[in-house]
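Okay, so chain A shows up in both of these, paired with chain B first and chain C after.
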Partner chain A sequence: MQTFDLEADGLRALNETLQAQVQTTNETAWDVINPRGSHAIAVGLDAPIEVTVNGSTGYYCAGMNQQATVHVKGNVGPGAAENMMSGKLIVDGDASQYAGATGHGGLLVIKGNASSRCGISMKGIDIVVGGNVGHMSAFMAQAGHLVVCGDAGDALGDSIYEAQLFVRGSVKSLGADCIEKEMRPEHIAKLTELLEAAGMDADPADFKRYGSARQLYNFNIDNAY
Partner chain B sequence: MAKDDKTAPQTLPRYSNTFTPEVNAEIRRAASTGIYDIRGGGAKRKVPHFDDLVFLGASMSRYPLEGYREKCETSVTLGTRFAKKPIELKIPITIAGMSFGALSAQAKEALGRGASMAGTSTTTGDGGMTPEERGQSERLVYQYLPSRYGMNPVDLRKADAIEVVVGQGAKPGGGGMLLGQKISDRVAEMRTLPKGIDQRSACRHPDWTGPDDLEIKILELREITNWEKPIYVKVGAARPFFDTTLAVKAGADVVVIDGMQGGTAATQDVFIEHVGIPTLACIREAVAALQELNMHREVQLIVSGGIRSGADVAKALALGADAVSIGTAAMIALGDNDPKWEAEYQALGSTAGAYDDWHEGRDPAGISTQDPELAKRLDPVEAGRRLNNYLKVMTLEAQTLARACGKNHVLNLEPEDLQALTVEAAAMAKVPLAGTTWIPGQGGM
Partner chain C sequence: MCGIVGLFLKDKALEPKLGAMLTDMLITMSDRGPDSAGIAVYGEDHEGRAKLTLQAADPALFNGLAGEIEDECGVAVKLRMIDTHAVLDLPEDKLAQVRGTVKYLRPDVRVMSAGEVIEIYKEVGLPGEVAKRFDIPELTGSHGIGHTRMATESAVTTLGAHPFSTGADQCLVHNGSLSNHNSLRRKLAREGVTVETENDTEVAAAYLTWKMQEGATLGEALEAGIDDLDGFYTFVVGTKDGFGVVRDPIACKPAVMAETDQYVAFGSEYRALVNLPGIEDAKVWEPEPATVYFWKH
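Entry: the complex of A and B
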């Protein structure tokens, strides 16, 4: 286990060190202490390493991650795991706005709640939230899965494309072109897989599925108001 | 006199200056279709522009440089503020962002070829980076857009600079729409969306709002790319003084300001013609912001929107820009709107020189299309050569004007070398009305 004191050694040194790890590195376990809400912690990683951040982070923790598993023992600020390509971000606490924004792949697990616009423009990432998500979550969501074990706020899935949403609790309102859809066996199977991967104790049978009605896919003046 | 006496003096039919035939046609079209007009390109209305400025040249108090013998440098370095690897350009003219999707792969390749031959950069667009474009572009700027279509860290690191797009001149505050007919399998895959659907590009970024957030976003991009890449911030011309100030505050290495004549692949005509300000009106304001921050030349300014000739380049530089960017002009150099396709333009209800339905994907010149048969019409090698020729001519023209003003580098041109032909241009460019010392809004007589 390598320990990195962010307060003493600085952000640049941390990211440079972690980004320098290659596919075959032996130094696979990294412990970051004193994060103190710093922005852009562990961004742009591209190796199968495990980074534990002992405390809360600012904006864009694990941004554009590839391969790495980042575990935050605290809360994360806006844009956690933004544009993640692969790997994992596990957040023990809550997440601020735009968690998982535009993510192309990998798994984002938020054990607490996520604020507004969770999964905005997601492009293939899987997101599992233990608690609730705020308004406009999965806005313009293109691909991937958003699992919400609690409730969803206003306008869930507004202008959604092909992403699939699973919510166990209530949905305050659905956004434009987002509808409830039939939960078929393949969806139960996928949801089961995601809950297991995230370590969430929830029964897939309790969830409802939401997705695109595909009525906005081609421009229609009657939808333009 | 008999009422039907055709030989009697009569009032001529008189068109309204308000309800012109063009306006009436648009009213009839709107009434018939129920949809606003979407088109490509920039503002077509007449606005004060570089044509309204003239260089004073040398005279008793200034001496010129010899036309072909004395050196007049054209190189420019972008990204000197923070980036470890600034971009070195041989000419102060860059190619603006245009997406693969809006343009064919052949057109993107041609832009890369032409720009590389001329020693300048080209820019990706909404939809990601194609291997053709990267392969043919010695200097490639990667746009970071609200949609983040195709965005990934591998391509980000392959780029020579990153341009965070806040807005563009054709539609400050607007998003985009790539209509389904241009969404081929390849375009769909790059954007992670189904084939054939109309693809919206968001009008604002998904994970930041405002300059304080942008500062953190730029920090993240620098951390991911080892602080190597120059970071540009591109804005549509609206509030150039404040936008420039805030872009610098957010940490930009380069500010790009795109005037209302700057083109788009597809937007509502009402947006293009009625939102934003002319290119001429934003340069001095942006420069004033940089000067106030003591950042002029430290943070470079690129100006775009209606740049057509070396004269336009020289005038933009004289007003304080470090470089210009061209989009529409580059497309024309490749072959867009060429009269040789007149019969086909007419079949599409347009004419060469006026064709702007770029969003429909039926471009006879094979440029703004994804139709493989049409796209094949554009030879990327030949089109790249034409673009290089055009860039060379523009550069020679700019040098000619700079030498006439006694400058041994085009960046040494200055506002004092210019006067304006109209009151409006004098006010916007903040140079005297020709033959006077009067700059409207700044006193003098």
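Entry: the complex of A and C
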């Protein structure tokens, strides 16, 4: 286990050190202390390492992640796991706005609540939220899965493409072209897998599925102003 | 951008440290707003006394002012000069008269704040330097609000800096930009409300003042603002005995709050809160969009 004191050694040194880890590194476990809400902690990683951040972070924690598992023992600021390609970000607390934005792959687990625009323009990432998500979540979501164990705010899945949304609680309102869809056995199976991967204790049978009505895919003259 | 910090103390033992705590929070927000900074502090309430905080581009304008006010109004006032600002301590019932007299005696002197306990200091420069110029770390009080500005809507000037006074013992700071401030400025002008600068936030402050003159409470004025103010905003407002927070319905301007038995704190980012006592165990959350929050003593 390597320990890195962010306050003493600085952000640039941390990210350079973590980004320099190669596929076959033996130094697979990293402990970051004194994060103190700093921005861009553990961004751009590309090795199968495990990074534990002991405290809350600012903007863009674990952005552009590939392969690495980042575990934040606190809250994360805006844009956590933005554009993640693979690997994992696990957040013990809450996430601020646009968590998992534009993510292409990997798993983002938020044990608390996520605020507005969670999973905006997601492109293949899987996001599991233990609590609620704020307004405009999964806006223009293209691929991947968003699982919400609590409630969803206004305009869920507005202008959604082919991402699949699962919500256990209430949905304040659905966005344009987002509708409730039938929960078929393959969806139950996928949801079971995601909940298990995220370590969430929830019954897949309690969830509803939402997705695209596919009415915005082609130009419709009646929608023109 | 812009950075906002706010601190509302529940524990009286922390009051002597209010200025120091707010300064630390303010400096942390320097990269969100390096061009100017300001702070409003709510100090001790002395029965029957009030304060006017004045600002002058040339502090020589304050020379002899106390004596001239005494001659004009027949009342003793104490004047404490700090850099480009001066705080007048005077009897509460003479506040309006003295304010009018200052305007008459020194037309180039601006009133930053008026009220029983509020003092507002703001200037162009890095937040740390502004705090030092005004000895902000030495100030004591029950609550305060600070702002670091990155100008987008109007020039970098002292008068364009925040906080803006919205009435006796009231002030407003803003992170965001309003898109209907020109039309609202014209509407307010028709109602007889004058706005001094081209700044969008000053229009929001004037709007709230006008709403309250029309009989609304601060909470009602803020609720009405959600409909009437178009644009992006996280506002923090200060009153004699409390402070409030409201974000626009889109809520893209950041806000983090923390609460313990000792205080309620606001920061544009969590970074601003990390040195507060007991922050590790504080309740930390993000205020909801289009929702008015308020804490009172």
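The criterion applied here is as follows: the second predicted complex is superposed on the first by the 222 of 225 C-alpha atoms of A that agree within 3 Å, B and C clash if a C-alpha of one lies under 4 Å from a C-alpha of the other, contacts with A are read in each partner's own complex, and residues count from 1 in each chain.
Please note the rule applied: contacts are C-beta pairs under 8 Å (C-beta built on N, C-alpha and C of every residue); 3 or more make two chains touch, one makes a residue touch a chain.
Just so we're clear, the structure is a prediction, and the values are computed from it rather than from any experiment.
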Chain B versus chain C as contact partner of A:58, first or second or both or neither: both
Touched partner set for A:96, first chain B, second chain C, both or neither: second
Partner chain in contact with A:15 - chain B first, chain C second, else both or neither: first
Which superposed partner A:44 touches (first chain B, second chain C, both, neither): first
Partner chain(s) touched by A:159 [first = chain B, second = chain C, both, neither]: first
Which of chain B and chain C A:204 touches, first, second, both or neither: neither
Touching partner for A:78 - first (chain B), second (chain C), both, neither: both
Which superposed partner A:104 touches (first chain B, second chain C, both, neither): first
Winner by number of chain A residues touched, once chain B and chain C are compared: B
Footprint overlap on chain A, where chain B in one structure and chain C in the other make contact: 58-59, 78, 97
Contact set on chain C toward chain A in their complex: 249-252, 254, 256, 269-274, 284-286, 288-289
Chain B residues within the chain A interface of the complex: 34-36, 147-148, 151-153, 156, 177, 179-180, 191-194, 197-198, 200, 202, 206-208, 213, 216-217, 219-220, 223-227
Parts of chain A lying in touch with chain B, wherever the complex brings them together: 11-12, 15-16, 19, 39-40, 43-44, 46, 58-60, 63-64, 66, 78-79, 82-83, 85, 97-98, 101-102, 104, 117, 120-121, 123-124, 139-140, 142-143, 159, 161-162, 217-219, 221
List of chain A residues in touch with chain C within their complex: 36-38, 56-59, 75, 77-78, 93-94, 96-97, 115-116, 134-135
